[in-house]
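Below: a set of structures, written as structure tokens.
Shared between the two complexes below is subunit A, which pairs with subunit B and subunit C, respectively.
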Partner chain A sequence: MDRIMAVAGGTWRRILRMPVVYFLVLCVVALVGSAYRYNMLSLGMHKTIMMDTSLALNTLAAILVAISITFEIPRELRSGVATTLLAKPLGRTQYLVGKLVGISIAGLVITGMIGVGFCLVFITAFDRVAMSMVQGHLLVMGSVIPMCAVGVLFSVVAPDPLAAVLTALVIWFGHSTAAVLGGIPVLYGGITPDFNIFNLKAESAHEVAISWWYILLATLWGVSFAVSVLVVSSSFFSRKDLR
Partner chain B sequence: MWLMGNVIEIEELTKVYGWLPWRRTVTALDNLTLAVPEGAVFGFLGPNGAGKTTTIRLLMNLIHPTSGRALVLGKSPDDVKMKERIGFLPDSPAFNPYLTAREFLEICAKLLRLSPDRRRSRVEEVLEVVGMSAHANSKLGGFSRGMTQRIGIAQAILNHPDLLILDEPLVGLDPHGRQELEEIIFRQEEEGTSVFFCSHILSDVEKICDHIGILSEGHLICNGPIKKLLSETGLNVAVVPGGDDAATKLLLDATSSERREDGGWDLVLPIDAAARVGSVMKAHPGQVSQLPLFETLEEFFFRKVGRLEEKEGRGA
Partner chain C sequence: MKKSVFRRVVILVVSVGISSGLASALLQERRYIDISAELGTNAPEGGFNKFIADIQWMLLVHHCGTLQGVNEGNVDDLYRRINAVLKNDPDFTEGYYFGGLLLSVKAPLKSVDILTRGANNEHCASSWNIPFLAGYVLANLVTDEQMPDRLERAERMFALAIRRQSGFPFVRSAYLRAKAKRLEKDGKWRNGIVVRGDYHAFLCSCYDEWLKTRAMQTTHATPAARVGGSSLIAGAELKERMLAVSQQLKIEMPRNKDVRRTINMVVEKVFANEHLCPECLLPYGPGDKYCSHCGHSVKMYGVCSYCGALLHGGDYCPKCGRPVKVK
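Let's turn to the complex of A and B:
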């Protein structure tokens, strides 16, 4: 566990030390906040639109974090940074778990900051925050772990520009194919991920209460999906020749 | 089975790079068999592309063999726990550029399971040993080649390893750095650490190593204690002052001669003049002394590697 956290620490520290991260978080929050000024244009729907946009932007942040790992792992493998770590008593699976934990922590902190930022904007603008919106942001945070796992998988099996593209495709696919594959339970939301379970923008925006059970189960699905993806990644990775 | 007394055992190890059918395959190692005795400082030599780095990567389980097997400290290279007793410096080491030297070494110490209080002091200790204390809080990304190499050495000796595996440790080091590395290796040897390293700087290898192995095109062409391998090429003969008669008899055969200030002579004679030196020593007792003269590692290296190429030239 110590060793996994040592690897994870390196990863999330690196991302959270970049000033640009905080600048972007601030920009995103300011963008939604500024929508309040334009309530004339949105025919009084600005609150709904703001809620919807805030969730969409936070999801986007989560996706970007997941894609960032597809650059980090191949770069570490190529430059030999990973070699130094793997020559220590650190198993290859432990390395991958550490990377996933690290990037997930970074993702949770970033999406968490964005969520809290939006809540503050809403409190300032409307004096209260709808519980459904808090839940919506919590679900976005929950989606970070399975999406990062997809990033880890592709960074192990594909060269780096391709890994990012494949990760983006799978995430997009996972957000959009309910109509096509939704009828086949084992496939969609089983083998291929169903990231739509984390997307309750409509419910949040219209302030329809979401059950806490749902949030818990969705998060559990996310974690178990991440674990199974890690198992596959690790079996690839342990056979790989490193530079 | 681990034969007692060998820290590394390699048996018929073969590594072929490239498996895509439309790419050329490269046989980097061809049935390599090699053993490194415990406590040895083993210099692994060979021309560029001989397969030294490949061997080391196989030993560290960074790549997988095509066939054959290796044992490191009696364990298979994929044994994670065994690595607690190993120190490894890769060729052209690279570290997370955004970490400071101290942070990086602390992560390494964590991976090596050093206890938290031991961790602190040991990190400071190794920083001191490699002369990098002043840069402990600088980011690794800003380090020069030699500074990076020093940090690489620091992380390799962090755990007082039983076996130190170094891939071209001398590269990038300034003269001080090279001397310091020699001292570090000597100190490790005193602590009972076995050292396995490859290098192209033969003069340093000769100074540091007690065993060598020479690899060429994936084949081991010789291996053993350096003292046994380097053959006698001549004799260093000293003649006392006043022994001019004896000196005159030897001067004709000498390849070099020098008159000392005290009036004595220092001569170098080829090995085939040994009998003549013997007879002169008998004729002038107490006036002549001799010491065997060995070829340098460089001469030996060229003799071995050159000869192999000659053979191939003849075969072709």
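Let's turn to the complex of A and C:
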């Protein structure tokens, strides 16, 4: 466990030490705040637009974090950092788990910062934040874990530019699987992801009540799906020839 | 099989099973939250449907600002744009209202289509103005050729608007007028009475609605009558409306047989103890032998049956001291 946390710590600390991350978070919060000025252009729908912009940008941040891992692992493999780490008594699976935990923590911190930033801006503009809005951001935060797991999988099976594209495609089309595979057990949600589980943006923006039970189940699904993806990734990674 | 491989397979099978089970449970749970999902799009939009809807909405607002007005040339394009917004965000209440309003004059059927979808969407149930506007367009802008059952649908829409917001008298008026229009179109009312004009039809519709109120108040009303007969408008308001219309009809169509029969029925059933002049339908006071407005003889009340003195209330005549007889 200590070894996993060491790898995880190295990953998330490295990401969160980058000043560009905070600059981007600041840009996102500024963009969300600027939606307040869309009052006229949206016929008074600026409140909803502000809420929705924050959720959309937060999701985008989560996707970018997931894509970043597809560059991180191949980079470490190329530079020999991974080989050095794996030469120590550290299993390949532990390395991948550490990477997933690290990138997930980084993703949760970034999306959490955007969520908190939104709440502050929204309270400043409208005096109150509905619980459904907070829940919408919590769901986005929950989506980081399975998305990063997909990123980890492609980072071990494909070269980094392709892995990034594949991760983005799976995340994009993974939002529409319910319509096609919704009735097929095992395949739906077990083998193919449904990231739309975390997408209650419209409901959050329209202040429709979301149960905490749903959020808990969605988070559990994210963790469980990440475990299955990680097992597959680990199987590929254990056969990978590292130089 | 190596131990590590076996362990991986077991973890994989268990996690896939759990994920699949959870996803199915979440899909069921989602149907309760996302009740308008079937109205939405299945296009792969990466979960950004609502954000895309917001952008399309602002583009639509901007596009409308560039138009001189809604006409045959741009109505289809506007309908397509509104539908694109609503497909991406089926719970967008203002989108339904604005879209319906925008198309109501030039394309009433398209407007009704949008408004009906909005009115039937439970996530937009806080909005009374969508069903009200839908009813208005159906009752006033759609023609019978375009939609033969438009008035029944208008009635349903106005009824929905009243259930959501009963505070506005004009919504209730619109409901009664839609009922009246339907009666006028049908031509026949109860007991073979032929409906003569809009005032007469309005009186008939008010009376039908009042009967529903009475059915609800009757202790022995059957459960079916109670359910089918629930009135949306208070009895006192209906009485006030019926009296005003009856008085108007007395002036406008004093000789019409059907109108007279209807008024007599209304006075007999609704205003039985209200002391109205049978000629002008205005109330007269206790002790009056003739109506002070039209001079017609009226049935006297409020006088002692022994000495004919005017009673001031209480149980005894103030002049002869005899107990007041209550008929």
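Note that in this section the second predicted complex is superposed on the first by the 240 of 243 C-alpha atoms of A that agree within 3 Å, B and C clash if a C-alpha of one lies under 4 Å from a C-alpha of the other, contacts with A are read in each partner's own complex, and residues count from 1 in each chain.
Throughout what follows, contacts are C-beta pairs under 8 Å (C-beta built on N, C-alpha and C of every residue); 3 or more make two chains touch, one makes a residue touch a chain.
Since we're looking at a predicted model, the values are computed, not measured.
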Notebook entry, point to check: Looking at the overlay on subunit A, is there a clash between subunit B and subunit C, or do the two fit?
Noted result: fit
Next item on the list: Based on the superposed arrangement, let me know which partner A:K99 touches: subunit B (first), subunit C (second), both, or neither?
Entry: neither
Next item on the list: Based on the superposed arrangement, let me know which partner A:A205 touches: subunit B (first), subunit C (second), both, or neither?
Entry: second
Check: After lining up the shared chain so the two structures overlap, which partner does A:V81 touch, if you call subunit B first and subunit C second: first, second, both or neither?
Finding: first
Notebook entry, point to check: Quick one: subunit B or subunit C, who's touching more of subunit A?
Noted result: C
Notebook entry, point to check: Taking CA centres, what is the subunit B/subunit A/subunit C angle in steps of 10 degrees?
Noted result: 170
Note to self: For A:A6 in the superposed arrangement: first (subunit B), second (subunit C), both or neither?
What the structure shows: first
Margin query: Taking the superposition on A as described, I'd like to know which of subunit B and subunit C A:R14 touches: first, second, both or neither.
Written below: first
Check: Should A:I171 be classified as contacting the first partner (subunit B), the second (subunit C), both, or neither?
Finding: second
Notebook entry, point to check: After superposition on the shared chain, which partner residues are touched by A:S228: those of subunit B (first), subunit C (second), both, or neither?
Noted result: second
Check: Just how close are subunit B and subunit C at their nearest CA atoms in the overlay, in Å?
Finding: 12
Check: What part of subunit A is shared between its subunit B contacts and its subunit C contacts?
Finding: none
Next item on the list: Would you pull the subunit B residues touching subunit A in the complex into a rising list?
Entry: 57, 60-64, 80-84, 86, 88, 90, 92-96, 98-99, 107-108, 110-113, 152, 155
Check: In the complex of these two chains, what residues of subunit A are touching subunit B?
Finding: 2-3, 6-7, 9-10, 13-14, 17, 76, 79-81, 83-91, 239, 241-243
Next item on the list: Could you please specify the touching residues of subunit C with respect to subunit A in the complex?
Entry: 8, 11-12, 15-27, 29-30, 33-34, 42-51, 53-54, 57-58, 61-62, 89-94, 98, 123
Notebook entry, point to check: In their shared complex, at which residues does subunit A touch subunit C?
Noted result: 38, 41-45, 48-49, 52-53, 55-56, 59, 171-173, 175-176, 178-179, 182, 185-191, 194-203, 205-206, 208, 210-211, 213-214, 217-218, 220-221, 224-225, 227-228, 231-232, 234-235
